[in-house]
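One chain, subunit A, links the two complexes that follow: it is found with subunit B in the first and with subunit C in the second.
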Partner chain A sequence: MARRESWFPHLFDTCVWLAPVPIAGLFLWLLGDLVIRGGGAFWPVDTEVTGIRSVIVIAEQIIHFLTASPVRAGRGGGIGPILVSTGLILTVCMFVALPIGLGTAILLSEFLAEQNRFGRLVRRSLDVLAGVPSIVFGLFGNAFFCRFLGLRFSIAAGGLTLACMVLPLLIRSAEEGFRAVPESQRQAAAALGFSRWSTVFRIIIPQASLGIVVGLILGIGRAVAETAALIFTSGYVDRMPRSLGDSGRSLSIHIYDLSMNVPGGNENAYASALVLVVSLVVINVSARKLAASFLHREVSHT
Partner chain B sequence: MITTKNLTIRYGDKVALRDVSLTFEPCTITAILGPSGSGKTSLLASLNRLTDLIPSCRVDGSVRIDDMDVFERNTDVVELRHRVGMIFQRPILFPMTIRRNLELPLREHGYRNQTLLNEKIERTLVEVGLWDEVKDRMERSALTLSGGQQQRLCLARALVLNPEMMLLDEPCSALDPVSTGVVEELLVRLRTKCTLIVVTHNLAQARRISDKSAFLWSEGDGGKLIEHGETRMMFDSPREALTEAYLKGKVG
Partner chain C sequence: MIAGSVVVVIGAFVVGESIPALTHIGGSRFMTDESWHPAADASFGQFNLLPILIGTVLSSFAAISVAAPLGILSAAFCQFYAPLRVARWYRLMIELMAGVPSVVFGLWGLVVLVPIIARIHPPGQSLFTGIVILTLMILPTVALLSDAALASVPRSYLQGAAALGLSRATTTLSVVIPAARSGLVTAVLLGLVRAIGETMAVVMVCGNVVRVPSGPFDPIRTLTATIALEMGYARGDHRASLFFCGMILLFLVTLLVTTMEIVNRRLRHGTT
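== the complex of A and B ==
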């Protein structure tokens, strides 16, 4: 008995402390791989350039890559129009998903009792939807948004389809955030004569902002990674879109195209992937900062 | 003046309060006494319709405040809760600055003028005896205050709306004796402009501060009103044997 007790806790501790290492390691390896293989797109061609000049040249190359149009099917040039298309698709997605998502989360947690039949149905549906493969959403989006609603291959159709994919994650996460706020807060607000809606907007949402932001980041993460759904809805065109009705290629589709269909496109594929990963980090950080300054600003613990 | 008539409160199938009729005179402190489960908190919650928050709760009988029927469909619940304030057992402050905790209810009820708000806030904090203690830390979180200060801040937050009635559910049970004394002193001072109803487990406290008392007791099928009257009379010469047994500490 004594022998087991003396070494087991130590072994357990060690395993727990070591657990994050492979995960962090994986991320760093991924990032490193992208930088090494894709960095060539930013490296100055003229190898005589050294020192400060090389930094400036690299900066110029990066800006060029981010703004120029793809040339020779993407082997050269940049990803400018693709970034614009991706940004527009994401914007449409968020514009639609945020109000519907937050509204549903508020409905589920503040206005419906936990055992309510309708509420349970909604939750179960969302759980199922969260697991549906993206290609199914792609086909649905194609049939409904592109054909039935007549949007054809467009950024709008892509954004709307993505919104459908993002909603389950957003709603569940936001709802958890709302439920985490203690019931006593609602009682205190009610006793002070706050209306239901005031309680939600002035008391609950500021305290639930973390759950909302996490849901948003998860949702954006899933959206940005999307290829299958977007191929069927927003299309393949790599020109600069002139409106939401235009077809546009997203970053993930561009990466797919360059690596699978375009011989010699590998380097740019890696560079695009690097841009994608860096954007995700930036979105993550800014979403939290925005939440802190807008949603969370009411809340003060110190 | 608040009157309840044949008030019965059910949560689903379970009866929490059975057929209670009481009158609370203006500018008095009434203590609601009784052991756990005797329906004291339910009684309090029905007076400002906080029972609405519990979906399974059903209220029969009537509650009237002056000439207003509390449970009538048309009654403006927000207005009701402006007139009737409530303090809970544990201080429930919003995780915001002290100033914001006090401003929010005022803004919610339509007061916008910043000067007026600041005036009301200062006046109320002086009234509860907190002004000197917090005037230099109004922009710090209310959660940094001590337990006694937090409960007094809760009182200030309720008082800033100038309610006619205050419902207090064991307001001192989470406080140390010194803070308890401060709060009790404040309640006695408030009696001049407010009707106070205090649920308490602390018989000595009831004796100290209340004018009237009401004793509730449950046999397992809902709390019933056993006795009510002047506190001094009830404690010195209770009419019911059960009351005497409870007050002497023999039961409950």
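== the complex of A and C ==
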């Protein structure tokens, strides 16, 4: 035993020091590859262009890529209509998920005791909902929204399916925001004769608004990254959508389609992937900044 | 209310749509049929899900068995070993990776990894590639959650261990990890849930041939990939059998989440 203990901790030390190396290596490889190949699509082809001119050319290329329609099944052109579809799907999703999520969070934190059996049941089902694979959401969305409610393949159906998906995330962070509001404020409101609902709307929601916003941003992040739930609900069509009833292709589906079904589509797939990842990083950083200022404000309150 | 009912409605629809599969095809044919050649009419098709089920189980369990130790080690690195600044950058990188969408992992796997593996052993799109990509995808989940679990170990435990003159490795192994085990179990199980449910990356790198793999370089097909690939044109009993796949997935996830709760409750009772 004594001998085993003499070498085992050293082995463990070595393992701990070595473990991050392959992880970091692979991750940096992936990111570097994404930046180089994705960015390569915007690099000026003409090598004689130098200095400030090249910056302008690159900016032009990026703007062209972000606004133009895809041509030849996406091998050329840009991703304009796809960005519009993605934005519309997100709008539908948040428009539906936000009120439901807020309502549930208010119910859980303000109207039910922490140990309430119904509250526990809702929380339990939220945990399960958070773990449900996205493709199962896709199946459900296809059966319920596309067929049962007759929405066909449409942006509305895709947005509604995503709304089901981001609900757990939204409810959890809103609930945390509500719980962070000090009990004394509720008691003060009750002492002033506020009704329960006006307490919620005048006192609790304004105070928890940052928590809600953080949840909203995280939900958008998850929705933007989603592919599997959208293939069979919002569809594949890459034209500019004319209404919410039209089928529209999201950015992530565009990447999937370009790399799997379109030979020679890799360059634009990488460029789209770069756009997707950059927007996700922006979303996450802003969520973190907001959350940090939220914590800061709480500290300065006390 | 609505959130709870969403779960019920999802369950009801997935089960409801798969009922024709169970009544027309029958549960046993999913195990005993000769192959997976689904057709809209149950009597013409072959519905053997077993190779697909094996593909799912093999890829996700292999991925978690690599990602779990690596993730916990990397969390220990972050918490107790790395200098503060390195730890902060490292954590930032892992958080960044946690946010990368699965299509992007799939794209990278398809364009970069598959050709490399094809050089070692064609065709490249294989169980092995799938495991590598899945491991990479669930590592951030496992690492971040274990990181949080290790961070929640009371400081007094560490001070006690330091007072006893224990080395860093002994402290980590026999004080911190046992104290944080409920969080670590959650981290690993959630990683497994993600691995089972992952769709796009797996579709893109695994090859999608329905066969029981005879080696790590054979292509496989998972439950999620089957749904993603065939849902576009499936009709009748074929469609129902895809919902049956969804039902299996739902069942697996519920099982894992329940296990997680039971284990957590038992461990928490054990420590207090």
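Methods note: the second predicted complex is superposed on the first by the 246 of 302 C-alpha atoms of A that agree within 3 Å, B and C clash if a C-alpha of one lies under 4 Å from a C-alpha of the other, contacts with A are read in each partner's own complex, and residues count from 1 in each chain.
By definition in this document, a contact is a pair of C-beta atoms (placed from the backbone, for glycine too) under 8 Å apart; a residue touches a chain by one contact, two chains touch by 3 or more.
Quantities reported herein were computed from a predicted structural model and do not represent experimental measurements.
Peer 1: Mind telling me which of the two, subunit B or subunit C, contacts the most residues of subunit A?
Peer 2: C
Peer 1: Check the residue A:Val71 against both partner chains and state whether it touches subunit B (first), subunit C (second), both, or neither.
Peer 2: The answer is neither, since A:Val71 touches no partner chain.
Peer 1: Does subunit B (first) or subunit C (second) touch A:Phe194, or do both, or does neither?
Peer 2: In the superposition, A:Phe194 touches subunit B alone.
Peer 1: Check the residue A:Ala59 against both partner chains and state whether it touches subunit B (first), subunit C (second), both, or neither.
Peer 2: neither
Peer 1: Regarding the shared-chain residue A:Gly138, is it in contact with subunit B (first), subunit C (second), both, or neither?
Peer 2: In the superposed model, A:Gly138 contacts subunit C only, not subunit B.
Peer 1: Figure out whether A:Ser184 sits in contact with subunit B (first) or subunit C (second), or with both, or with neither.
Peer 2: After superposition on chain A, A:Ser184 lies in contact with subunit B alone.
Peer 1: In the complex of these two chains, what residues of subunit B are touching subunit A?
Peer 2: Per the stated touch rule, the residues are 48, 50, 52-53, 55, 77-82, 85-86, 88, 90, 92-97, 100, 104-105, 108-109, 140-141, 143-144, 154, 157-158, 161.
Peer 1: Write out the stretch or stretches of subunit A touching subunit B in their complex.
Peer 2: 113, 184-195, 198, 202-203, 207, 298-302
Peer 1: Flag every residue of subunit C that touches subunit A in the complex, lowest number first.
Peer 2: Contacts found on subunit C: 1-4, 6-10, 13-14, 16-17, 70, 73-74, 76-77, 80-82, 90, 93-97, 99-108, 110-112, 136, 139, 143, 167-170, 172-173, 190, 193, 196-200, 203-204, 224, 227-228, 231-232, 242-243, 246, 249-250, 253-254, 256-257, 261.
Peer 1: With touch defined as at the start, can you tell me which subunit A residues reach subunit C in the complex?
Peer 2: My answer: residues 5, 8-10, 12-13, 15-17, 19-20, 22-24, 26-31, 33-34, 37, 100-101, 103-104, 107, 121-122, 124-129, 131-140, 142-144, 148, 164, 167-168, 171, 221, 224-228, 231-232, 252, 255-256, 259-260, 266, 269-270, 273, 276-277, 280-281, 284.
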